[in-house]
Amino acid sequence: DPVTLRYLPNHGGLAAFELAAELGYYDAAGITLENLGYATGGPETLIALAGGSADIGSAATPAVLNAIAGGNDFVAVFPTNGINDSAQSIFYVRDDSPIRTIADLPGHTIAVNTLGAHLDYVVREALHQKGLPEDAANLVVVPGPQLDQVLRAGQVDVSAFGYWQTTFEGAARQKGGLRAVFDDTDVLGEIAGGFAVLRRDWIDAHPAEARAFVDGATKALDYARSHPAETKAIFARVLQERGENPEVAQYFAGYGVREGGLATTRDVQFWIDILTREGKIAPGKIAAADILYQSAEAPAPATN
Amino acid sequence: MAPIAPPSSPAGTDLPPTLAASRGEVSVQELYKSFTLNRAALAVLRGLSLTVAGGESLAIVGPSGCGKTTLLRVLAGLETPDRGRVLIDGHPVAGVGRERAIIYQEPRLLPWASVLDNVAFGLEVRGTPRAEARDRARHYLRLVGLQAFETALPRQLSGGMAQRVGIARALTVQPEILLLDEPLAALDAMTKLTVQEELARIWAEERMTMILVTHDLEEAIYLADRVLVLSRETETPPRLLEVPLPRPRDRNAPGFVALRRDLMRSFGLQ
Amino acid sequence: MAPIAPPSSPAGTDLPPTLAASRGEVSVQELYKSFTLNRAALAVLRGLSLTVAGGESLAIVGPSGCGKTTLLRVLAGLETPDRGRVLIDGHPVAGVGRERAIIYQEPRLLPWASVLDNVAFGLEVRGTPRAEARDRARHYLRLVGLQAFETALPRQLSGGMAQRVGIARALTVQPEILLLDEPLAALDAMTKLTVQEELARIWAEERMTMILVTHDLEEAIYLADRVLVLSRETETPPRLLEVPLPRPRDRNAPGFVALRRDLMRSFGLQ
Amino acid sequence: MAFQGLEISVPPIETPARPLPPLSGANLRRGVEAGARVLSRYGLLLGFLALWQIAASAGWLNPSVFPPLDRIAATLWQGIVSGALLDDIAISLQRAGIAFAASVAVGVPLGLAMGQMPVVERALDPILQLFRQTSALALYPVFILLLGLGETSKIFVIFWASLFPILLATIGGVQQVDGKLLEMARSFGAGRLTLFARVILPAAVPAIFVGLRLSGTTALLLLIAAEMIGANKGLGFQVMNAQFNFRTDLMFAAIFLLAFLGLALNAALVAAQARFCRWSEPR
Amino acid sequence: MAFQGLEISVPPIETPARPLPPLSGANLRRGVEAGARVLSRYGLLLGFLALWQIAASAGWLNPSVFPPLDRIAATLWQGIVSGALLDDIAISLQRAGIAFAASVAVGVPLGLAMGQMPVVERALDPILQLFRQTSALALYPVFILLLGLGETSKIFVIFWASLFPILLATIGGVQQVDGKLLEMARSFGAGRLTLFARVILPAAVPAIFVGLRLSGTTALLLLIAAEMIGANKGLGFQVMNAQFNFRTDLMFAAIFLLAFLGLALNAALVAAQARFCRWSEPR
């Protein structure tokens, strides 16, 4: 049946399902997308999803887990983004900075977009791996548009551009004068960063459409990996149509999701472990298998 | 303590015989009122009892700060006595009532309303249609000589003019009981005479009960059936003085002059 | 137009001969002042010229709304005349000045300050040390009979008491020129007499120029060297009347009574 | 006794208060005066703008954060003539307008009631104080959950924030009404409603206008927060969107537009206040 | 003429205004009355909280967005005993406190000056109006550029937003001062400063307090915006960070803490106002 899925886009880029729609992958299944207006952060989309005013949510993994632990019956249907050798979160310093390796970080200030999430744990893990105290560096929150500015003005020593903030990273890199120290794949290897989320009751009511939605999106993830130039062109066109700056499309570095667009148990379990360890969710309350999307005909998520 | 009865016989006055039966009787029973000043109690009303007959005119005189305004405010229902009560036509009063209207010691005009609107205010809040209220307001404005200032704002008036607006406002509602707090103090001698005559005429025509605080002994004698003399010293009891002169009164009549002289002497004047 | 000179000879008064030379001379030259009311001009002062000698006492009388307060305000520098000017000791005035103090028609007390602070206010704003200002304020408070109310707040005062605080405040600054706008209107006969006597005494002692608006003709005659009679009608010119009575004046002296009767008659009274 | 009528001069003709005849060259002088008035009023503002322009074009300030004013003006002009910004203005005005109207419609009567009736004030004050202390920004998720993503939640966020200034100012205004006038009106038999309409409301008007001006500003400022989520039109959206797209010129253009709207609203309210309070003493 | 002294009753002993003797059972009655007073004051608030608890635990509301109050309370309690939230409270209080103090220190004198001196008002009004209309949120990049990421910019954002309510309220209060009192003071020779200290300031106190209360709230609310950038501590940071991580219990715990701080500040200001305005007529 034809269905309309309502969602909130992000500034400066397209989600995989948006790309799928542009590529016409949903035409056959009768899926149309309805743009409700921008979100500045993932959690808003989860709340809109919980309240029923949107049908697709999309957020970083810990936010998704907290939302589910809070009692929402959400299903993480596919990883929206992640890190691999093409898409990474890069930690930049100014060219003249004395910071050369992770070991130089202690005592310095690092700008990240959120605490308690991906970049926060990358830094902790990085310091931990070097045998340093996890809180040896000072993290402060700075929104994406200001990351470059605060680094160059010397207000922070390091700016961490998240893998989802490639537009800001690209623009900063292009201006020059910055040097990358390390990235998150150095620390964590390949891992998903966030998930697209549907309500379980919606999936139960529309099993076929859900399947088609996920398949289309994962197909688009693969398309973006194999056709980066075309993808950038599509981005530029859509951004232009939305009234955004098409220039930023050139900074798109891929979604960072492994081939086939599949989630692994580790993508989720890594965060379940952290959150459980910090007492933010009760032990055993959530299992990766329960929250990842599986349909009758789909294989169980791969493990690695 | 025997309360003061209305004058047993309105001897020598030209009040119509129906007066005793008319409405607007004010009876005050053992009123006590004191204020706290410097943590000490200042006794202002000290067990005052008094009956004013319906349609009677009572003047209240006494030194500054002796409690005249306080008494009038208790009668108006604006101040609760510490003890004792006020009866109007036999019913205890609680708060303000439409049968009473008060002319305050200061004009208390609405600064944003024109003179005419200020005068019509009393009637309008009682539900009189605007046009009618304004007509009656115009009548009383003329009476106090301010017909030319209908559209003026209070800040454009002189002190005496503002006070006259307050008088017109109270008269306009034609209350059964009119309470006046030195209404003519800010008026020049000539205007004062005119307004006094108007008050006497209105009182004779409408037969309302009139309770008038004044510093002008002549005015008290000219307008009142009886004069209540309050004092500030706690030892001196209030006194009540009858004015047995026929109306309309002649200020130059020997009786009038004699009464005035007596009253002044009793105040230690001249 | 010949301006009014100070009384050429202070005949019959007991003013000291040094008076003419003393400071505080007020000279008014062709004052015009009108207000806009209903888009029409209301002419209040119509070319008034007048000289009040330093140390003289002038009373201003006239019907309500004739412009007494307006004239006083122009003299105080609170109102700018449309034309003409005011000279004090030969210098044109622009705005208020410390040599003048005014007692307003309404008390104008600071509601948040105690009675004593209100009285001391005038001195304090002129820089007198607080303790000294309060001492002098206490003196004048006693003069107006309010020593017991030092710490009271204005809202705890009766109308007459508030007015007396205003009087004390102006007296406390001992101005060269004292402008009084019906200061005693809210006082009972007895208190009024006391304050009038005090005013006469202070004036005789301190020899300030005193310009007094009043509705009480007896008060005018009792206190003033000359009486300025203003009128409301545009046709009637202001008149100036000399009071050739010796001081201290006796209200019962034949000259006093006759003068009062004449003045009242000229107002169309009695 | 002697009437010294002679000594008093009364002018022959009564023509007082005529304005002085115009002087020659008065028009020129008036022009110069008007210029001085404008300068004394807008001098500082113009100086500030000039400083900006110079600092930005001379490179004293980072031009990617502070674009020169001429660039901002060009962007603004283009956005308006192309009609692109007009849509934003329309939708933002609608949102802020409805929210402001609602906060006036709720805040003024509620403030009048709370200022006048201690029972109502006692009952409502704690919960309103709690609400007042709660940021619209923080509660946005809650509003989204309860009211959805559409216009309702956006308008409600603005309403929420702009309600309290007007409510507080109105309560304050009512509680400062001259007690003597209230007493006078009550003693004439004025009921609660008449008291409101004839005494409290007129007397509280100046304070209410302070509240209106604060609320009006709040309503426009909150557009930025309200249009941060679930919007793709509106001046507030443009401010944030331009930031995300490195278009600081567009960002400032939208900020200036918002500020101009605020100035216009403020001027309208000041003019309305002047009209309503014509009775009050000119100072 | 006859003094009818006999007809007037004067009581033999002058002991007026003694309070009524206490009735038996008065203590009990007083207790019941106090209970009723509390209920009439906090009934609505308690009802609201009860409704929340029930709705959240019964599942009428999405419990992940509206956690039941007991969960919020537990989170709050834990945050406080573990000391985690205490740091946040301390740093937030410091930021809001400094900014509020600065906005009072600037806003009250400036408001007094602008309310009283037309020249100053004319010169400053346009630029202040422009600034007032400009969202602190939108200007954050500008503040960061000019003031850095540290405490200064955070405090300045709060200061910026909380300055205007107090400024406007003070100007409004000054312009409502009774002109007759001003005239009186001036006619006694009061200079500008004396006029300020002795007449304008006391008369404007009630209006200034309304401004203080609005500004105090604003300062606390702006913590959320101010701590959105460059912070890793503070209640405002916790609100947004909890939101980003979908920890609504923590978010509400921080919101409630902010609200309690606001209520405490408000209560302190109301008490201070009552003390300062003891002279005013009790109604």
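Note that the chains are named A, B, C, D and E in the order they appear, and that numbering of residues resets to 1 at the start of each chain.
We take it that a residue touches a chain if its C-beta (ideal position, glycine included) is under 8 Å from a C-beta of that chain, and two chains touch if they have at least 3 such contacts.
The chain list, named the UniProt way, goes like this: B, C = ABC transporter, ATP-binding protein; D, E = ABC transporter, permease protein.
This one's a predicted model, so the numbers in the text were calculated from it and none came from an experiment.
Taking CA atoms, the transformation carrying subunit B onto subunit C includes a rotation by 180°, reported to the nearest 5.
No other two chains have as many C-beta pairs in contact as D-E.
Inter-chain spacing, taken between the CA centroids of subunit B and subunit C, is 29 Å. Subunit C and subunit E, compared by their mean Cα positions, are separated by 48 Å.
Computed centre separation for the pair subunit D/subunit E is 21 angstrom, with centres defined by C-alpha atoms.
Distance from the subunit A centre to the subunit E centre is 41 Å, each centre being the mean of its Cα atoms. Annotation for subunit A: residues 43, 47, 50-51, 145, 149, 153 touch two or more other chains. Contact of a single residue of subunit C with at least two other chains is seen at positions 106.
Listed for subunit E are residues 62, 65, 141, 145, 240, 243, 248, 281, each touching two or more other chains. Of all residues in subunit E, those touching subunit D in their complex are 40-45, 48, 61-62, 65-66, 119, 122-127, 129-130, 132-135, 137-139, 141-142, 145, 164-165, 168-169, 172, 175-176, 179, 206-207, 209-210, 213-214, 217, 220-221, 224-225, 239-240, 243, 248, 251, 255, 258-263, 266, 281, 283.
Across the complex, subunit A meets subunit E through its residues 41-43, 46-47, 50-51, 59-60, 62-64, 66-67, 70-72, 111, 114-117, 138-143, 145-146, 149-150, 153, 155-156, 280. Contact residues on subunit E toward subunit C in their complex (touch as defined above): 180-181, 183-191, 194, 198-199, 202-203, 277, 279-281. Within the complex formed with subunit A, the residues of subunit E that make contact are 62-65, 67, 140-141, 144-145, 148-150, 228-232, 237, 240-241, 243-249. Considering their complex, residues 8, 11-12, 35-40, 43-44, 47-48, 50-54, 144-145, 149, 153, 167, 171, 242-245, 248 of subunit A touch subunit D.
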